[in-house]
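So that we are looking at the same thing, I have put the structure below in C-alpha cells.
Chain lettering (A, B, C, D, E and F) follows the sequence in which the chains are written, and residue indices restart at 1 in each chain.
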Amino acid sequence: MSMDLPEGMKLIDENGKRLDGRNADELRPIRIEAGVLRRADGSAYVEMGKNKILAAVYGPRECHPRHLQDPTRAIVQCHYNMLSFSVDDRKRPGPDRRSVEISKIVGEALEYSIFLEQFPRTSIDVYIAVLQANAGTRCAGLTAASVAVADAGIPMRDLIPACAAGKVADTIVLDLNKEEDNFGDADLPLAYIPRTGEVLLLQMDGHLTQAEFNRAIELAKGGCSQIYAVQQDALRRKYSIAAGENGGKEEEARGNVA
Amino acid sequence: MSQRSPLSEVKKGHITTLLAKGKRSDGRSFGELRPVSIIEGAIETAEGSARMKLGNTEVVVGIKMAVGEPFADTPNKGVLTTNVELIPMAFEEFESGPPSPMAIELSRVVDRGIRESQMIDLEALCITPEKEVWVLYVDVYALDYDGNLFDASSIAAVAALRNTMVPAKRFGKGEDFHLPLRSTPISCTTVKIGDYLVVDPTLEEEEVSSARLTVATDENGDLRAMQKGGSGFFTFEEVKKSIEMSVEAGRAIRGKI
Amino acid sequence: MSMDLPEGMKLIDENGKRLDGRNADELRPIRIEAGVLRRADGSAYVEMGKNKILAAVYGPRECHPRHLQDPTRAIVQCHYNMLSFSVDDRKRPGPDRRSVEISKIVGEALEYSIFLEQFPRTSIDVYIAVLQANAGTRCAGLTAASVAVADAGIPMRDLIPACAAGKVADTIVLDLNKEEDNFGDADLPLAYIPRTGEVLLLQMDGHLTQAEFNRAIELAKGGCSQIYAVQQDALRRKYSIAAGENGGKEEEARGNVA
Amino acid sequence: MSQRSPLSEVKKGHITTLLAKGKRSDGRSFGELRPVSIIEGAIETAEGSARMKLGNTEVVVGIKMAVGEPFADTPNKGVLTTNVELIPMAFEEFESGPPSPMAIELSRVVDRGIRESQMIDLEALCITPEKEVWVLYVDVYALDYDGNLFDASSIAAVAALRNTMVPAKRFGKGEDFHLPLRSTPISCTTVKIGDYLVVDPTLEEEEVSSARLTVATDENGDLRAMQKGGSGFFTFEEVKKSIEMSVEAGRAIRGKI
Amino acid sequence: MSQRSPLSEVKKGHITTLLAKGKRSDGRSFGELRPVSIIEGAIETAEGSARMKLGNTEVVVGIKMAVGEPFADTPNKGVLTTNVELIPMAFEEFESGPPSPMAIELSRVVDRGIRESQMIDLEALCITPEKEVWVLYVDVYALDYDGNLFDASSIAAVAALRNTMVPAKRFGKGEDFHLPLRSTPISCTTVKIGDYLVVDPTLEEEEVSSARLTVATDENGDLRAMQKGGSGFFTFEEVKKSIEMSVEAGRAIRGKI
Amino acid sequence: MSMDLPEGMKLIDENGKRLDGRNADELRPIRIEAGVLRRADGSAYVEMGKNKILAAVYGPRECHPRHLQDPTRAIVQCHYNMLSFSVDDRKRPGPDRRSVEISKIVGEALEYSIFLEQFPRTSIDVYIAVLQANAGTRCAGLTAASVAVADAGIPMRDLIPACAAGKVADTIVLDLNKEEDNFGDADLPLAYIPRTGEVLLLQMDGHLTQAEFNRAIELAKGGCSQIYAVQQDALRRKYSIAAGENGGKEEEARGNVA
C-alpha cells in the first residue's frame, strides 16, 4: 500500500480492465490439488494467479511443546512460511513478524472449522509453504490449508475459502495481484463460509469509506463462493481418483475458475 | 483465550447471564469505554511520550528518533518502527524472551493503525533522498494488564506521536520541530461474548469472548485499519454493528488527546 | 567514567555546589509510592532525581523454569529492564549484559532480605522497569524492588535502601547524577541496612585511595539512612490509606527528601 | 538413525533378510536409483529453480542472486551460500527453529559438492574486484521426506544452477546472462545395511543402515567430494565398491538434467 | 551457590570447624593464594596470550586485535571487548549456549578491572580519530574449574595483555608495537564462610561461602574496582579486612607476571 | 582449497620437500598427553604441528536434554569448539556450521568405538577445544578425544587415530598444514582403526582421480598407524606414572613422532 505508482502505470485502463486483463470483480485463475504429499497426513497445492502454495497437515498427534496441551480439546498450530526465493528480494529463511501474525490469524480461522473437542490433548499442525508469492498469499494459504485438513480426514464443520478485495485507482476490485497490492489504496482479506455466512478472517489496511467497505465485502464474498466450489471439486477429484484406483489422469483433474 | 479451564466456563456463564440483562460486570453499557487518563510527555529522555490508563490497563509509550538510511523502495520517506513489549511486570502470563504471537500481532496492528492511516507525513522526514532520513521508533510497554491492549497501545501511541519533537538539533540537522502529522486515527475494539458485542473489554471479558474486532477510524468516520482475532466468528451484521460501536467510541476518545 | 569532561563544564563550582545545585553530601529529591499496579502482587514507583523506576513483584508462586526449584526455600528471580526510551540513544528492547549483571546482584541483595525458607519450591519474581534513567538506576531499582516486596506482603528481615557515592572533580560526593557519572572519577553503589550495618550490595569503579573509599562509604551510609526513612514512609502511607479505605488523597501521600 | 527402537530391529531383520536374497523392499536392485522427475524453472520469482522427486522424496531448490561485497581473501570471486531447510512439512520429526545437525551437515555437503567441484565459474561473477560481486544463494527446501536427501538436494541444486539467469538488468549491471558453469558434479549416496551396500536409500533403509557414503563425481568419473556418515564403519573394499556404485548411478542421473 | 543440598551443609560444617581451628582444608592460611603458574605467549595465533593455573583452576586467555571504528562518544580511543566463556569442558555444571548470569558477571568484572584501572592507553590505539581505531578482544576461556575464576581470569587477562604485540604490519599500519600499558591492576577475591574470611577460595569453599568480595588494586594499593557477590552480607569491618587481604595477596601475585 | 597460490610460493620444492621441510609421506611432529585436566572424567592434550588441542570427557552421566535419552544404550554428545583466538581472524565464540558438522562426524566415529550398550539412558559428553589451529584440527581433535575417552576409563573397542592426506602441487602428501590446505587441490581426512581396518571417518574435498584417491588413502592409513602408537604410548605413560605414584617426571613422559 505504501509505494508510489510508477509513472505511466495505469492500474485500471479506459475499458475498466486491470493490468492482467481482469474485470474488477474477477478472480485470478485458481487451481487446487488435494493429497500432493506422501509423508503428511493431509496436503494440498494451490495456484492462484502467480501464487504457488503448498499446505501440509500432521495430526491430531501428541502435542509439543507439552505446556500448550489442552485437556479438553485439540489445539491448532499453524506455521505460514515464505520460502526464501518466493519473493523478488531473497527472504532470510525462518519466521519474521509478518509470518507469525499470519500464522496466528490463519490458525484461529482453522480452529473454528475443526471439531477440536474430539481430540483432547492433541495438536493439529498445519504448515503452509509459499513457493512463489504474488499478493494474497494469506488467503490462498488458508484456502490450501483447509483442503489439507479435509484431506487428512479430520472432522470439520466446513471448508474455509478466503480471498481479498480492495481499492485500486478509486475502484473496488476483487483479489488484488502484486502491483495492485503495492500501488493500491486498500486491501481487505476475508475468510468466510458461504453456507453459514460466518466471517473467520477479516483484516483491512488502507483507506475505505464505509460504503466502499460494504462494496468490497460483497466482492470478497463472491470470490469466496467461487473458491469454495474449487475446494470441493479438488476433494471430490481426489476421492474419486482414490475410489477409481488412480483411473483418472492428473491433468484432467485440474479445474479453473476464470 | 486459547485454553478453556472449567473456571472460565463458570465465569463465562456469569458474564453472559449479566449481558442478557443488558449489564456488564463493571456496570458499563455495551458501548462504553472505561475511564481514560493520559499523561503526555511523561518521559523526558524520549522525543515524545504518553502514559495511559484505560481502566486498570496501563501502558507507557516512548518515541525515539535517530538519523538513518531509508528503505531502498521508499528513498524519500522516513522509517517507522513499532514495537509492543508485553513485559512480565504487567501480567503473570507474560514472559521474558522473544515476543509471543500475541505481542507480534499487537505490534503489527498498532503499526498498521499508524502507518496505513498515513497519520505521519513520512515524506517530511526525509533529510537527503536515498541517503538520510529520520527513523522513528514507537515503543509501547504494557505495565498493568486488564484487557484491551489493542486500544490502550494504539491510542497511547497516537498521543505520544502528537507531542513528539524531532530532535534535529541533537543530530546537527537544524532546529527541532514538531513531528509532521496529518489525521488522527483512533482504534476501538469490540469483542463478542455469546451473541453480545461489547467495546473495550476487560481481561475477564476477553477471556470469555470468542472473537475480537479492532477498527481504526479517522475524523470522518472512514476506515483506516481493521483486524479480526479469535477463533470464533462474526456475521456481517455483527461486523457492521462493531464498526458503528467503534466509530461512536472513537469519537469519545478523540476529545481526550 | 570513561568520557572526557567537555570544555567549560565544572562539576563542582567555587562554592562547592554541584551542577544541579546540590552540596557534596546531598541526595537528589526522592519520592516513593507503594502499590501502584493492580495486577502484580506488590509494586512500587520511585523517582530519584530524574530517574523514574517501577518495580513489581509476583509470588511466591510456582517456580519456572522447574529445574531452578529449590526444595528447601524460595528462589528470587530478578529482572532489571531499561525501557528503550529511558536513555538518550534508543536501547534495543531485551536484556543486555549490563542488565543481566544488575539483575544478578540486585536479586542477591533481595534474597538476603526475604525469609525464603518459608516458601520452599517457589519463586519470587521481581521486575524492575527503568522508565527514565539518569545514573544510579541500580540503587533506585533495588530501593523500589524492596518496597514492592514489602507491598506484596512477603515476610522480610528488613527493607533495603541503596544509593551510590563517588568521586567527582577530586571531591567525594553522594548520589551521582548522569553528568557526574559520565565525567567523574569513581562510582560506588552501596545497599546497606542501617539497623544492622549489613552490606548487601557493593561495587566500585574508577580510582579511589583507601581514605577516599572510607569517606565515600560514610556518605553512602548516610544516603541509605535517609532513603530507608522514605521507604518506610511510603509503606506507612499505603497502609494507612488502605486502613482509611482510600480516605486520603494520593497527592498528599507523596513525600520528598531534599 | 540415532535411536534404535525395538520396532526398527524388526524392520531391520526384514530388510536384511530380503537383501540376503538380493532384493530390496521396493523391488529395486542394489545399484538402482528410484524414479527421478525434475521440473526445471518452476519458480518464476527465482533466478533459477528445480522441483525434484526422487521416488517419494521431494525437494524444491531456488537460486536468488544479488550484488554484494566479496570476501576479503577472494576479492575477485562471487560469493556462494548454500542452505538446506528441513521444514516440518516434509517429515514429522523435522522441527522449526535453528537448523539441526542433520540439516547443517546436509547444507555443507551440498555446498562442497558445488564449491569444490568448481562447477560455478566464481571469477566470472566478479563485477568490480574488492568492491562488487554477485552473491548467489542456493536454497534447498525438503517438501516430502522418504530418504536420501543428500542426493535429492545436491542433484536438484545442480539442476537449478543450470537454468539460472544472472539478473544483471534488475541490478543495473547490463544484460542478463546465463550463470557461467563448468563441470556438472553428480552426488550419489550408498548406505550399508548389515554387510550389504545399496544406493539411493529410502527412509526405511536409512533407518536400519549403519553407515552412509556420499560421493560426488564429475563427467570423467573423478572424485569431487566425499562424506561418510553414521556410526558404523566401512572397510576399504566397501569404500571402493561404493565409489563404483556412485559413478555408475551418477551416469544414469547425468542424462536427466 | 544458589542451591543448598544437605551434602553441602555437611561440607560446610566440616570446613567451618577447620576454620575455627585456623585451618583450611588444603592446608593454606586464610590469606594465602594457591600455587600460581603462568605460561605467557602460549598461543601463536593470538596477539598476546597466557595460560594460567591457580591451584587446580586453569584458564587460557588470548588477545586478538583488528582495525575497526571507534564508538561515537569516544572517537579518539581504541575499543576494548572482554568476554569470559565458561565452556562445559571446565565443569560439569557449565552449559553450552548463551552465557549464564555467572559468565556475564565474570566478563564484566574482568572488563572493569582492566578498563577502570586505565591499564591500557586506549588513546594510543587510535589510528585516525572518528574513523579507525584498534579493536582489542580479550577472550578468557575456563578450562578446569576449581574455584575463584574471578582472580584467575583477571590475572591471566592482565598477563596476556602484557605480552601483546599490536599486529600493525598485518593490517598495513606500519610496524608492530607493544600494546601501550600503564598500571597493572591485580584482582584478589575473598569469601566469607561463617564468620571467617579467606582469599582465593577453592570450589568447595565457594560452595559453602555466603558472600564474595573481589577487589582490584594497583601498585600503590589504591582501589581500582570492587564487586561484592552472593546473597550473604559483609559488615564494614569485614569489607576493610577483605581489602587488606586483597592488597596483601595482590602484592604476592604482582611479582609473578 | 579455494585460494590462489601467492606468487613465488612453492608448496613442493625441487627436492620434493614441503614448505615445512617434510617429505610427502611425513607427519608433522605429534605429542599427546593423557589426563591433563582435574575436573573432567577423562582428558587429553594433543599438539600436532602447530595445532594445540584439548579434549575432555564427562560421563557416562545423566542425559541432558532428556528427550535424547536412549533406553538401550548411552549416547555420545560431541562438541568441537575453536577458541576465538585459535585462528588469524578472531572467531566469534559459539558454534558455527562448520563446528556443528565436525562435532557430528567426530561424535559418530567415537560412538562406534565405545561399548554404549553398557550404559543405557546415559550420555557421554566429549568436548574438544582447539586452542591453536593449523589445518587438520578435526583429525587431531578426534585423536585427542579418543585418548580422553580411554582416560575416563570408558570401555572401548579400540583407540581411534585420525589424519588427513591430500593433493598439493600435483603430489599426494600426508597431513596437510595450513598453507597446503589453503592452496592445495584436495584434502582427505580419515579415521581408521589399524588393527581391524575399519574406516570411521572419511571426507574428501577437491579433485582426485580414483588412482590418486587410492594413493592418498594409503598415505593416510600409514599416518593413522603412527598416531595410534603415540596414543597408546600416552596412555601407557599416564598409567605407569599413576602406578609409580608420580615417580616419573612430566618432561620425560613426552614423546615425539617425526
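Heads up, the rule we're going with is that a contact is a pair of C-beta atoms (placed from the backbone, for glycine too) under 8 Å apart; a residue touches a chain by one contact, two chains touch by 3 or more.
It should be emphasised that the depicted structure is a prediction, and the values quoted were computed from it without experimental measurement.
Engineer: Hey, how far apart are chain C and chain D in touch steps, shortest way?
Structural biologist: Each step joins two touching chains, and the minimum needed here is 3.
Engineer: Please report how many Å separate the Cα centroid of chain B from that of chain D, as a whole number.
Structural biologist: That gives a centre separation of 48 Å.
Engineer: Need the CA-centroid distance for the pair chain A / chain C, whole Å please.
Structural biologist: 53
Engineer: Could you grab the centroid distance between chain D and chain F? Build each centroid from C-alpha atoms only and quote it in angstrom.
Structural biologist: Here the centre of chain F sits 27 Å away from the centre of chain D.
Engineer: Multi-chain contacts in chain C: which residues touch at least two other chains?
Structural biologist: There are none in chain C.
Engineer: Among the residues of chain D, which ones contact at least 2 other chains?
Structural biologist: In chain D, no residue touches at least two other chains, as defined above.
Engineer: In what order do you meet the chains if you trace the ring from chain C in the direction of chain E?
Structural biologist: Around the ring, beginning at chain C and stepping to chain E, we get C, E, F, D, A, B.
Engineer: Along chain A, where are the residues that touch chain D in the complex?
Structural biologist: 37-40, 50, 52, 54, 56, 58, 61, 79, 81, 83-90, 93, 95, 125, 127, 129, 131-133
Engineer: Please output the residues of chain E touching chain C within their complex, sorted ascending.
Structural biologist: Residues 2-4, 73-74, 99, 101-102, 104-105, 107-108, 112, 115-118, 213, 221-236, 239-240, 243 of chain E touch chain C in their complex.
Engineer: Quick check: in the complex, which residue numbers of chain A touch chain B?
Structural biologist: Those in contact with chain B are residues 1-3, 68, 70, 72-73, 75, 97-98, 100-101, 103-105, 108-109, 111-112, 188, 193, 197-210, 213, 217.
Engineer: Could you pull out which chain E residues touch chain F in their complex?
Structural biologist: Listed in rising order, the residues are 42-46, 49, 56, 58, 60, 62-64, 66, 83, 85, 87-92, 96, 137, 139, 141, 143-146.
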